[in-house]
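Here come two complexes built around chain A, the first alongside chain B, the second alongside chain C.
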Partner chain A sequence: MKRFIFRRLLVMGPMILIVLTITFFMVNLAPGSPFSHSRALPPEVEAQLKAKYGFDQPRWKQYVRFMSRIVGFSTDEAGNVSWHPYPDFGESIKYRDRRVNDIIKESVPVSAILGLTAYLIALGVGILTGAFAAARRGTWADSLAMFGSMIGIALPSLVLGPLLITLFSLTWYVFPPGGIEWAVEWGYIRIPTLRTLALPALTLSMIFIAYIARLTRNGVTDSLRQDYIRTARAKGLSERRIVFTHALRASLLPIVSFSGPAIAFLVTGTVVVESIFSVPGLGRYFIDAANNRDYFLILGITAFGAVSLMIANLAVDVIYALVDPRIRYE
Partner chain B sequence: MNNAARVSAIFLFLLMMIAVFGPNWVRRYNGATYDAQSLGNGLQNPSRSHPMGTDMLGRDLMSRIVYGSRISLTVGVVSTAISVLIGIAYGAIAGYFGKKVDDVMMRIVDVLYCLPDIILVVILMALFERSMLLLFVALGAVSWLTMARIVRGQVLALKHELYVEAAHAMGAPNRSILLRHIIPNTMGPVIAYATLTLPAVILDEAFLSFLGLGVQPPTPSWGVLASEGAQAISVHPILLIAPAVVMALTLFSLNYVGEALRVRLDPRR
Partner chain C sequence: MLLRVASSILFALALSACRSSAADERYFGKTVPPADNRLTYEHVAEPETLDPTLATLTQEWTTIGALFEGLVASHPETLEPIAGIATHYEVNADSTQYTFFLRGHASPRGTRLPDTNSLPDEFRHGHKAAPAIKAAQWSDGRVLMARDFAFAWKRLLDPATASPNVAYAKAVKDVRALDEFTFQVDLNSPTPFFLKILWQPFFSPLREDAVMPGWAARKQFVSNGPFRIREWKPYEKIVVEKNPFYYEADLVGLDELVFRPVSDPSSYVNVYKAGEADIIDGLNVPKFFLPALRGKRDFRQAPLFMNFSYSINVTKPPADNVLIRYALNMATDKAAIAELLGAVPSKTFVASAPGYDPPAAVNVDVNGVTYDILKYDPAQAREILAHAGFPDGVGRDGTRLNIPIGFTNSPLRQIPEIIQQQWRDNLHIDVTPIMMENKVLYDSTVTLQYTGLLESSWFGTYLDPDSFLLRFPSDSLYNGTGFKDPDFDQLLQEANRTLDPAERMRKLAEVETQLLKGMPLIPVLYDTLSYLEKPYVRGMRPTPLGTPTCFKYVYIDRHFDGS
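Right, the complex of A and B next:
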C-alpha cells in the first residue's frame, strides 16, 4: 500500500510537467498578447514590459526559464540562481507586482472553504434523501425524492444562483446578494462569515445533493436485495437500522469514487458560482486571467487544478482499499 | 420503457421540431427575428404579439428562445458527435489490437482523465478567436474519454465471438472486421452513453456562454439568454425563468431517456 502511494506520487511530477508544457504552448500559440489593450501602449513601454516578463526572448528560452522556475530555481535581478523546494510561477501580468504564488495562496482557502461547505451539505442532505427514498422505495415519497433530485440536476447553478438571490436578498432580505465578509483573517487564511457563505454554498451544493441522493438510493436498493439483509431481517432488526447501518454502509463505495473528482472540482473554485456571487476565489481569478491573457496566472491555476484532481483520484483509490478489503494494490 | 422516458422522448421530438422550424414559425406569427431590436418596446410583459414579452433591447423573447434552442441543441449534438467519433475510433483500436497498443492507449486515457477539462476549454475559448467551430471541437475533444473506455470494453468482449473468428478465417482485413462486424455491435451502449453525454455538453455550453466565452451575442443560446436574464432578474424575471424552464425540461428529458436507454440496451441483460 505504501509503495502504491509512493509510486503514484512519483508519477504525478512528470504528469504535472506534461500538463504545464501543453498549456504553455497552447497559451503561447494563441494570437494576441497580454499587452494588447484597446488603447495601444507606446512601443518603448511595450518593449520594456515584454523584456520584464521575458517575452522578448525566443520561445524555447521562455519555456526553459518557466520550467526551471517550476522545479524551484529562481534568478534574482543580479543573476544569482537559488533553489527552493516549491514551484515559482513568476509575476502576474494583470495584477502588477503581485506574484502568482501569492494570488493562489490567498484565493485557495476562500474557494476551498466554499467548496467543502457545499460538499458537506451535499453529503448530508444527499445521503439522507437517498436512504430515505430507498427505505420507502416504490412509494410516492420515493418518486418525489427522486423527482426532486432530477430537478437538482436540471437546474444549473447559473439559473439557481440568480433565483436564490432574488428570493433571499431582493424579496426577503435574509442574505447579502454577493461579496464575502471575513469572520477570521489570519494571514492567508481567511474564513468567511456564514451569512455571506450561505447562498453560494447552497447554489453549489444543489447538483451534488442530486447526484449523491441518486447514488445512495440505487446503492441501498441494490444491497437491500442481498442475503445479509435477509439475515438482518430474520434477526428482527428494525427497518430503520437495516437501511441506515447495514445497507447504507455497503453502498458508500460509489459515493467515495464520485466524491474524489467532485471535491477537486469544488476546491479548485467554481467559476460560475464565484462570478455570480462575487466570491474572490480561484475560479474568479482564473476567468480573469484567461480573459486578460495573464499567462503565468493561467499556468499557475492550471497546475493547481491538475494537482488537486490527481491527489483526489489517488485518495479515492486509497480509501477504496481501506473500505473494501477485497481490493489490494501491489 | 417507462412513462417518464416516453413523455421525455415526445418532448425531445417536439423540441427538435421547434429548433428546426420554430424560427420560421415565429417570424410568420409576429414578424420577429432573434436580433431585431425595437428600443422603445423593451421589457414588455407577455402579450398577444409577443407571447413571452420582450427583452431589454425590445427583442421578442420567444423568437430568441426558439432560435437559442436551435443553437444550443446544435452545439450539443455536434460536440457529442465529435466525442462519440473520437471515442469509438480510439476505444475500438485499443480494444481490437490489444496487448501493447491497448496498454499504451489506455494509459494515455488515464493521464487525460487527470486533466481538469473545463480549465482547458476555458483557456481555448478565451485565447483563440471564438467561433462555433472552436466551441464544437473544444467541447467534443474533452468529453470522449469515458466513451473510449466503454467501447474498448465492448470490443474486448466482442472480438472473441464466433462471427469475428469466422470473418478472420475468411481472410477479411482488420479494417472491415472492425467497421462491419465489431463496431455495429457496440452501438447499444454507445447510443445510451451518448444520450447522457448530450446534457453534459449542453450544460457546458451554457456555462461557457454565461461567462461570455461560448456563443457570442447577439446570437442567443440558452447560456446567453440565462446570462442576460440574470442581469435583469430583479426587474423582469421572465427573462431568466423562460429560458431556464426550457433548458431544465431538456436536461430532464435527456437524462430520463438516457437512463432508460442505458437500462434497456445494457448488454448484461
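Right, the complex of A and C next:
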C-alpha cells in the first residue's frame, strides 16, 4: 500500500508539468493580451509592462522561466537565483501588487469550506434518501424520492440559486441573497456564519444529493438481492437493520469513487454558485482570470485544481482498499 | 403527508409575498436603516488596484474618491470645481501656467474657489467650511504639502510607472512645489478648461514615503480624503472609515462606508432589495428589471456622460467609402433602438455637456444634392448607397453588400440584431453580427484588425466635450477607426486654446461637425444610469460620469419621511 501511494505521488509530478505545459501554450494562443484595455495603453507603457512580466522574451524563455518558478526557483531583480520548497506562480497581472500564491491561499479556504459543507449535506441527505427509497422500492415513496432526485439533476444551480434567493431572501428575508460573513477568522482559515453559508451550500449540494441518492438506491437495491441479505433476513433481523447496516455498507463503493472527483470539484471553487452568491472563492478568480488573460493566475489556479483532483483520486483508491478488503494494490 | 407539507409551504409563500409587498409597495425591498452609522455601496466588480495613479475603472475611481482628494473637488450637483486641497489658484494670461495655493498657505492669492459654504444645506447639514488657513493633513496626521502633489504628478508622467492614465495628463508639461503650500503646473498648450479635468483621481496627492511596491494592496495606507482604508477583502468588501484628520471631518456624515462588489447582474439588484446594500451604483441593472423598478421611490435614472456607438474601420473596404458610412448612419433608426433599451438616442457623438450645443444637422453635397447625414431617412440613405456603387444594396460584381458588426456580451448586445433588421429593410444589405470577448474587441479596436463595424462605448471622464473629441486626433491612442483628418486636429487645437468659454464651445461644435463629416462611427445612444438608493440615504448624487459625488456629504436620515 505504501509503495502504491509512493508510486502514485511520483507520477503526479510529471502529470502536473504536462497539464501546465498544455495550459501555458493554450493560454498564450488565446487572442487578446492581459494588457488589452478599453483605454488603450501608450506603446511605451505597454513595453514597460511587458518587460516587467517577461513577455518581451521569446516564448520558450518565458516557458523555462515559468517552469523553473513552479519547481521553486525564483530570480530576484538583481538576478540572484534562490530556491524554496514550494511553487511560485508569480504576480497577478490584473490585480497589480498581488501575488498568485496569496490569492490562492486567501480564496481556497473559502471555496473549500463551502464545498465541503455542500458535500456533507449531499452525503447525509443523499444516502438517507437513497436508502429510504431502496427500502421502499416500488412504492410511491420510492418514485417520489427518485423523481425528486431527477429534478435535482435536471435543475442547474443557475436556476436553483435565484429560486432559493427569491424564496429565502426576497420573500422572507431569512438569509442574505449574497455575500459571506465570517464567524471565525484565523489567518487564512475563515469559517462563515451559517446565515450566509446556508443558501450557497444548499444550492451547490443539490445536484450531488441527487446523484448520491440514485447511486445509493441502486447499490442498496442490488445488495438486497444478495445471499447474505437473505441470511440476515433468515436470522430475523429487522428490515431497518438489514437496509441501513448490511446492505448500505456494501453499496458505498460507487459513492466513494464518485466522491473523489466531486470533492475536488467542490473544493476548487464553483464558478456559478460563487458568482450568484458573491462568495469570494477561487471560482470567481478563475473566471475573471480567464477573461482578463491573467496568465499567471490562470496557471496557478489550474495547477491547484489539477493537484486537488489527483490527490482526491488517490484518496479514493486508498479508501477503496479500506472499505473493500478484496481490493489490493500490491 | 409530503403533499400537505408542500401545499402549506406554497400557501405560506403566497401569504408572505402579499404581506411583504403591502409593506414595501412604494419602495424596492427593505427600508430599515442600518443600526450603526454605516452605509454599504454596491458596485459591479472588484477593483484591480486602489493606486490613484494606475486606477481606470469606475469602481476604482468611486472608492478612491472616498479615500483621496485632489487640488479641486466637484460641486455635488453641478460638478463645477470647488475648493479641495487647494483653496485659491492663479492662471497666467494664455492659460499655460496654473499656480495653486493649498490649505495652510498664509497668504493665498488669485481666484478663490467656492468652498463648502456655497453648497445647499442638504450637503452641509449645518456645518461650516474649514478655514483656508488650516493645513490639510494625511490620515496619519502629517501635514499635506505641495511636494506631495509634485511627487504624485511626476510619478504619473514617468513612463516607468506605466500608468494607463498618462495620455489623459498629456496637457501637463512640468510641475513643481514653489514652497510648502504652493504648487505650480506648466502646461504644454493653453488649456482654459484645466480645472475641470483635475477631479480625476490620478491627480490626487501621494506621499513619497508611503509609495512602495504593492503599497495600495496593503491592509492600510495613508490617504488624504474624507475616509481612510480599514480593510480590503478581495471579492468581498472594502471598508473605509471616517478620517479624523480630514480638514472637514466634522462634515463627514458616516463613520464607515463599505464597498461591495457583486458581479452577477441579478444578485446585484437582489442584494439591494434584501437590504444588504443601501446604494447601488446603477451601472449593471439588467434591462429586464427596469419595468419592475419604474415607479418605485428609491429608483432613479440619470443621464450618463457616455456614447454607445459603432466604430467603423475606415481603412478597409467596403466602409472605406464615406458615402457608405453616411448611408449606414441615415438608415439606422436610433430612436427605435433607444426606446427599446430605455436610453436616449444619439444623433451626434458628444454627450450633453453644460454650455455645449451639438450640431443639429450636418449637410453634405453628394452629386449636387444636399443631404443632412444625421437624419434618419431610409429613402435618402438608399440614394447615397446607390451613388456609392451599391444600388439596391448590390455592388457592380453582383454581390450584396455585407457589413460585419463586432459586439460583446453587454447589456446592449441586442443592438446588432436590430440594426441587421433595419438595414435589411432600409438598404437591402446584409449584416453579420460577430460576438467577441472584451479583450478581443479591445485588441481589434487598437490594431484595426476588423472589417466593418465594432461596438464602442466611450465614457467621458470630465464634463467637457473635449473628453469625447480627444478620441479622434490623428495621434490619439483611442481612435480605433483609422480616421485621420488634419483639419479636425487643427480645429480641435484651436478650439481648446480659446479662452472665452462660450466661444470655445461654439468652436468645439464645429470640430464635432468636422468629425461627423468623416463619419468614423455611427453614434447610437446615450445610456442612462439606473440606480437605487434607500430612502434614508441623504446627500448622495450620482453623476453623469458614473462615479457618485463625494461620499463626504452622505449621511443617514433616521427620521426619513416614509409617507
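We take it that the second predicted complex is superposed on the first by the 330 of 330 C-alpha atoms of A that agree within 3 Å, B and C clash if a C-alpha of one lies under 4 Å from a C-alpha of the other, contacts with A are read in each partner's own complex, and residues count from 1 in each chain.
By our rule, a contact is a pair of C-beta atoms (placed from the backbone, for glycine too) under 8 Å apart; a residue touches a chain by one contact, two chains touch by 3 or more.
In this text, all values refer to a predicted model and were calculated from it rather than measured experimentally.
Enquirer: Is A:N313 contacted by the first partner chain B, the second partner chain C, both or neither?
Expert: After superposition on chain A, A:N313 lies in contact with chain B alone.
Enquirer: Give one of first, second, both or neither to describe whether A:A154 is in contact with chain B, with chain C, with both, or with none.
Expert: A:A154: touches chain B, not chain C.
Enquirer: Regarding the shared-chain residue A:I165, is it in contact with chain B (first), chain C (second), both, or neither?
Expert: In the superposition, A:I165 contacts both chain B and chain C.
Enquirer: Counting only touches as set out at the top, which of chain B and chain C does A:I276 meet: first, second, both, neither?
Expert: both
Enquirer: Answer with first, second, both or neither: which of chain B and chain C does A:W83 touch in the superposed model?
Expert: After superposing on A, A:W83 lies clear of both chain B and chain C.
Enquirer: Taking the superposition as given, does A:L144 touch the first partner, chain B, the second, chain C, both, or neither?
Expert: second
Enquirer: Can A:F6 be said to touch chain B (first), chain C (second), both, or neither?
Expert: neither
Enquirer: Quick check on the superposed pair: does A:Y95 touch chain B, chain C, both, or neither? Answer first, second, both or neither.
Expert: Second partner only.
Enquirer: Could you tell me if A:W186 is touching chain B, chain C, both of them or neither one (first, second, both, neither)?
Expert: neither
Enquirer: Which chain A residues are contacted by chain C in one complex and by chain B in the other?
Expert: 31-32, 162, 165, 170, 275-276, 291, 293
Enquirer: Please name which positions on chain A make contact with chain B in the complex.
Expert: Listed in rising order, the residues of chain A that touch chain B are 15, 18-19, 23, 26-27, 30-32, 150-151, 153-156, 158-159, 161-163, 165-166, 170, 264-265, 268, 271-272, 275-276, 286-287, 290-291, 293, 298, 301-302, 305-306, 309-310, 313.
Enquirer: State the interface residues of chain C toward chain A in the complex, per the touch definition above.
Expert: Going by the criterion above, the answer is residues 2, 13, 16-17, 20, 29-30, 46, 48-49, 51, 54, 56, 159-160, 162-167, 213-217, 233-237, 260-264, 266-267, 270-271, 273-276, 437-440, 442-443, 445-446, 457, 477-478, 480.
Enquirer: Spell out the residues on chain A that touch chain C in their complex, using ranges where they run on.
Expert: 31-33, 36-42, 44-46, 48-49, 52, 94-98, 103, 106-107, 144, 162, 165, 167, 169-173, 176-180, 275-281, 284-285, 288, 291-293
Enquirer: Which residues of chain B touch chain A once you look at their complex with the stated criterion?
Expert: 111, 113-116, 118-120, 122-124, 126-129, 203, 206-207, 210-211, 213, 223, 226-227, 229-230, 233-234, 237, 240, 244, 247-249, 251-252, 255-256
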